[in-house]
Amino acid sequence: MPTNQSPKATVSSVVPDHGVKAPAPDRALLDDLVVANRILFDQGVVDAFGHVSVRHDKASDRFLLARNMAPGQVMHADIIEFDLDGNPIDANGRGVYLERFIHGEIFRARPDVKAVVHNHSPTVVPFSIVPSQPFRPVCHMCGFIGAGARNFEVREVVGDASDLLIRSRELGAALARTLGTGYITLMRGHGATIVAESIPHVVYRAVYAEVNARLLAEALRLGPVTYLTEGEAETARNNVESQVQRPWNLWKARVAADVGLT
Amino acid sequence: MPTNQSPKATVSSVVPDHGVKAPAPDRALLDDLVVANRILFDQGVVDAFGHVSVRHDKASDRFLLARNMAPGQVMHADIIEFDLDGNPIDANGRGVYLERFIHGEIFRARPDVKAVVHNHSPTVVPFSIVPSQPFRPVCHMCGFIGAGARNFEVREVVGDASDLLIRSRELGAALARTLGTGYITLMRGHGATIVAESIPHVVYRAVYAEVNARLLAEALRLGPVTYLTEGEAETARNNVESQVQRPWNLWKARVAADVGLT
Amino acid sequence: MPTNQSPKATVSSVVPDHGVKAPAPDRALLDDLVVANRILFDQGVVDAFGHVSVRHDKASDRFLLARNMAPGQVMHADIIEFDLDGNPIDANGRGVYLERFIHGEIFRARPDVKAVVHNHSPTVVPFSIVPSQPFRPVCHMCGFIGAGARNFEVREVVGDASDLLIRSRELGAALARTLGTGYITLMRGHGATIVAESIPHVVYRAVYAEVNARLLAEALRLGPVTYLTEGEAETARNNVESQVQRPWNLWKARVAADVGLT
Amino acid sequence: MPTNQSPKATVSSVVPDHGVKAPAPDRALLDDLVVANRILFDQGVVDAFGHVSVRHDKASDRFLLARNMAPGQVMHADIIEFDLDGNPIDANGRGVYLERFIHGEIFRARPDVKAVVHNHSPTVVPFSIVPSQPFRPVCHMCGFIGAGARNFEVREVVGDASDLLIRSRELGAALARTLGTGYITLMRGHGATIVAESIPHVVYRAVYAEVNARLLAEALRLGPVTYLTEGEAETARNNVESQVQRPWNLWKARVAADVGLT
């Protein structure tokens, strides 16, 4: 059975760089990653914690992620390249997120996934701590939730005295297994992890996961809820998400100047 | 029985222009329509999605609506003229809202209606997914809800695997039938559509539909609710709505400079 | 028994001036009244509707109140003098609030009252429509609620098809009777009326009535609530309200520049 | 048994200075205390009321606390030195917080505590008035709540007609006993008191106590809740709180310019 984690384990750390840098990613991809950090904060689905990554466009076994810092303060110079084991390539002594294994293991398990958000979305977390209440889609904007988000219970991996963090490849892989072929997974007492085929898509889904949580929580207090059917969820996801550029443009306009873009 | 919609159906599209432009609408009407887009966003009853239209003042079989974009970014140049079938007159290759049929079919069915809002109002949507809980007025500002909003169930028209969107004249007409002679109709898992005799009226009603939803949702948690009687609703609507210019002026003052008005 | 009100009754109106102006009120009193209008809007306890009045410091049978407009836009020039019957003295053709009778009749009935707020406080209104759930104080800042706010049911005065508005001296007097010797009364489906010995006091109470409503509504969902005893309410009101200048200064600092004060 | 407090007891007062000033505290400590006041307001966990103190770095029997004022307006010049009995050393006639005894008695009882926040956190207070509903941690950011916050019932000390305020050393000592070895205690109908080993820690805990309250209140409405185990709470507190500088930097960046820091 699982062993408890030692107390006072580090959360952020300086980790030795490993390997050789891939060719530089497209500037537009970097721009989008920096903007995504700022949008997630501006839209209230990350606070000082949480992170967003993108798979490297020139090297499918690499991903890009900010150094250990608040997403709302990320600039271009803060982006670091990682391999799928979670080793930084060019941290140059800067601290990295402890939970980078979320990103590496999902990129490994899901070739279709190009971008990952991990957050502590305020109305999604309550669903993570009430396992009897499924998190299912109730509106056409949220078809990506499909038949309902699966809930990752960290205790099943590391026992009942952990810090709940995804602090190892083992835990990242376990989380990726819970995610399965879905687009969102809840993490008990912790948050959510959301995946998509692009940065604008994953940001859209992170924002609308919170919207769905608010709609559903409110509706559950009113009476029996009509959920989307699986067919509705799939059709709505396919069709509505053809429009992700619309909110992306709106949200980007609010933060672009702060990161030197216009 | 209804057939499912094909997946990956387009949501926004470039549609060929059709017909000859009507005489130019009053500049004040255009100003109000642009301001209405901005107010609805500023007041939190549309996000990147939702739209507001007005019947053309020079041609009762035409209406004015923005091109496919976030309401919070609409400028004068973004307004397009449509006929009641949902054909653009002067899109000139710009994308149009898929759901323009909401507007066209309501303007066709309801000669008294001069302005239409469709939105995903955050506290109204939960009522749309709890059919057992009627959405009735509970305060004197919300008499336009009358005896309660009727709830449009899209499954009854297109089956249980659609994207819930009003993507055809047929669906627009079905929605208009559900609206009937009322001023607001809910749309299951989707949003609301609100109508009125002028732009300031419809904006007022869109904002106060959300207010009524918050008041009612909170009250239902406290105990048995005293709703407005139908008589109270009608008297309150008639009298209170003589004041719509007061909130309009307040709300307009917050957004006018952004659209070049002072 | 009560008679229904005629539909399309006016809500705002131009009313003939009546009588002779009292000596000019202290400039500081006018400043406070203008600032109070702005604070109530900035703190979210009035929207485009609601009003605040003060008894004239030079004529106890007169009170000062803005012309018919949104409180968040009131300037010094918008203040009008009224007699206790609700007649304006110096409106000079400007529209006045229909519900000025709230203020006149309370100032008549309660010599101790120097300032009155009427509003549609968003979390207080739900308590007004759930008569079985008393609005009692649950925190030391809200002792002014005493043994609980009494709830005015307009139907008992004018029947069940009114617009719920206090549109006559008769209705104002009925409301004043419900208020009795208290400091706050709820108005079913409409709002609240709050009174105090000064403008800063009444603004404090209007803001903290909303705070109490939020605390109480949340607590009622958690389990059985410990209310303040009547002794606690009275002691807390006496002691805590000696500090009303502290929030007043904080709130005033946010709005003073907008009304030409520094 | 307890005696009632006299009505109209003062809440703020000018108290004679007592004793000799300790050597000047580190400038960085003063900076942090001023910034903490501003952050607590900016993050919505104090309003015009509430306070934060720090133990003097040059004299462990002294603490630093603002004069009687809104935390959101505190500047360096407003900080006063106190002894553990609550006597000011250098008030020089400025009013002091009535409830300074909260700070003095906790610093006396808990040598490990270096900083104390007392506030009326909006979603924590409801838990204080529902004694049957324990306030336990439900997310990894909130391990400091441990096995659950103990609830201080002021009636047990001063009877059922007090103003609920901690207006004496006796009451401060009673509160400190309820706190025991914990990091947060609720105060019925009043607020919370939170302690930590540094200013950034205590600010972090004050903000995340409110976060935990929101998560827990929402979750309790959804169904049976999975709380953190005591082991999880302890491990999470140890590990996650190694990161308190991250939110501190984010929050400080929003307020630093207002207090003359950059």
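Note that the chains are named A, B, C and D in the order they appear, and that numbering of residues resets to 1 at the start of each chain.
Everything below uses one rule, namely that a contact is a pair of C-beta atoms (placed from the backbone, for glycine too) under 8 Å apart; a residue touches a chain by one contact, two chains touch by 3 or more.
Keep in mind the model is a prediction, meaning the values are calculated, not measured.
Colleague: By that same contact rule, can you tell me which chains touch chain A and chain D alike?
Modeller: Looking at chain D and chain A together, no chain touches each of them.
Colleague: Over half shared or under half: which fits the residue numbers at the contact of copies chain B and chain C, same or different?
Modeller: Copies use mostly different positions to touch.
Colleague: What's the distance between the Cα centroids of chain B and chain D, rounded to whole Å?
Modeller: So the centre of chain B lies 47 Å away from the centre of chain D.
Colleague: Measure off the straight-line distance from the CA centroid of chain A to the CA centroid of chain B, and report it in whole Å.
Modeller: Inter-chain centre distance comes to 34 Å.
Colleague: On chain D, where are the residues touching two or more other chains?
Modeller: 221
Colleague: What graph shape do the protein chains here make by touch: line, ring, star, complete or other?
Modeller: ring
Colleague: Which of the chains touch, listed as pairs?
Modeller: A-B, A-D, B-C, C-D
Colleague: For a test of understanding, state which residues of chain B touch chain C in their complex under the given definition.
Modeller: 138-141, 143, 211, 214-216, 218-219, 221-229, 231-232, 234-236, 238-240, 242-243, 246-247, 249-251, 253
Colleague: Mind listing the chain B positions that touch chain A in their complex?
Modeller: 4-5, 7-12, 47-49, 68-70, 72-73, 120, 122-123, 125-127, 129-133, 160-165, 188-190, 217, 220-221
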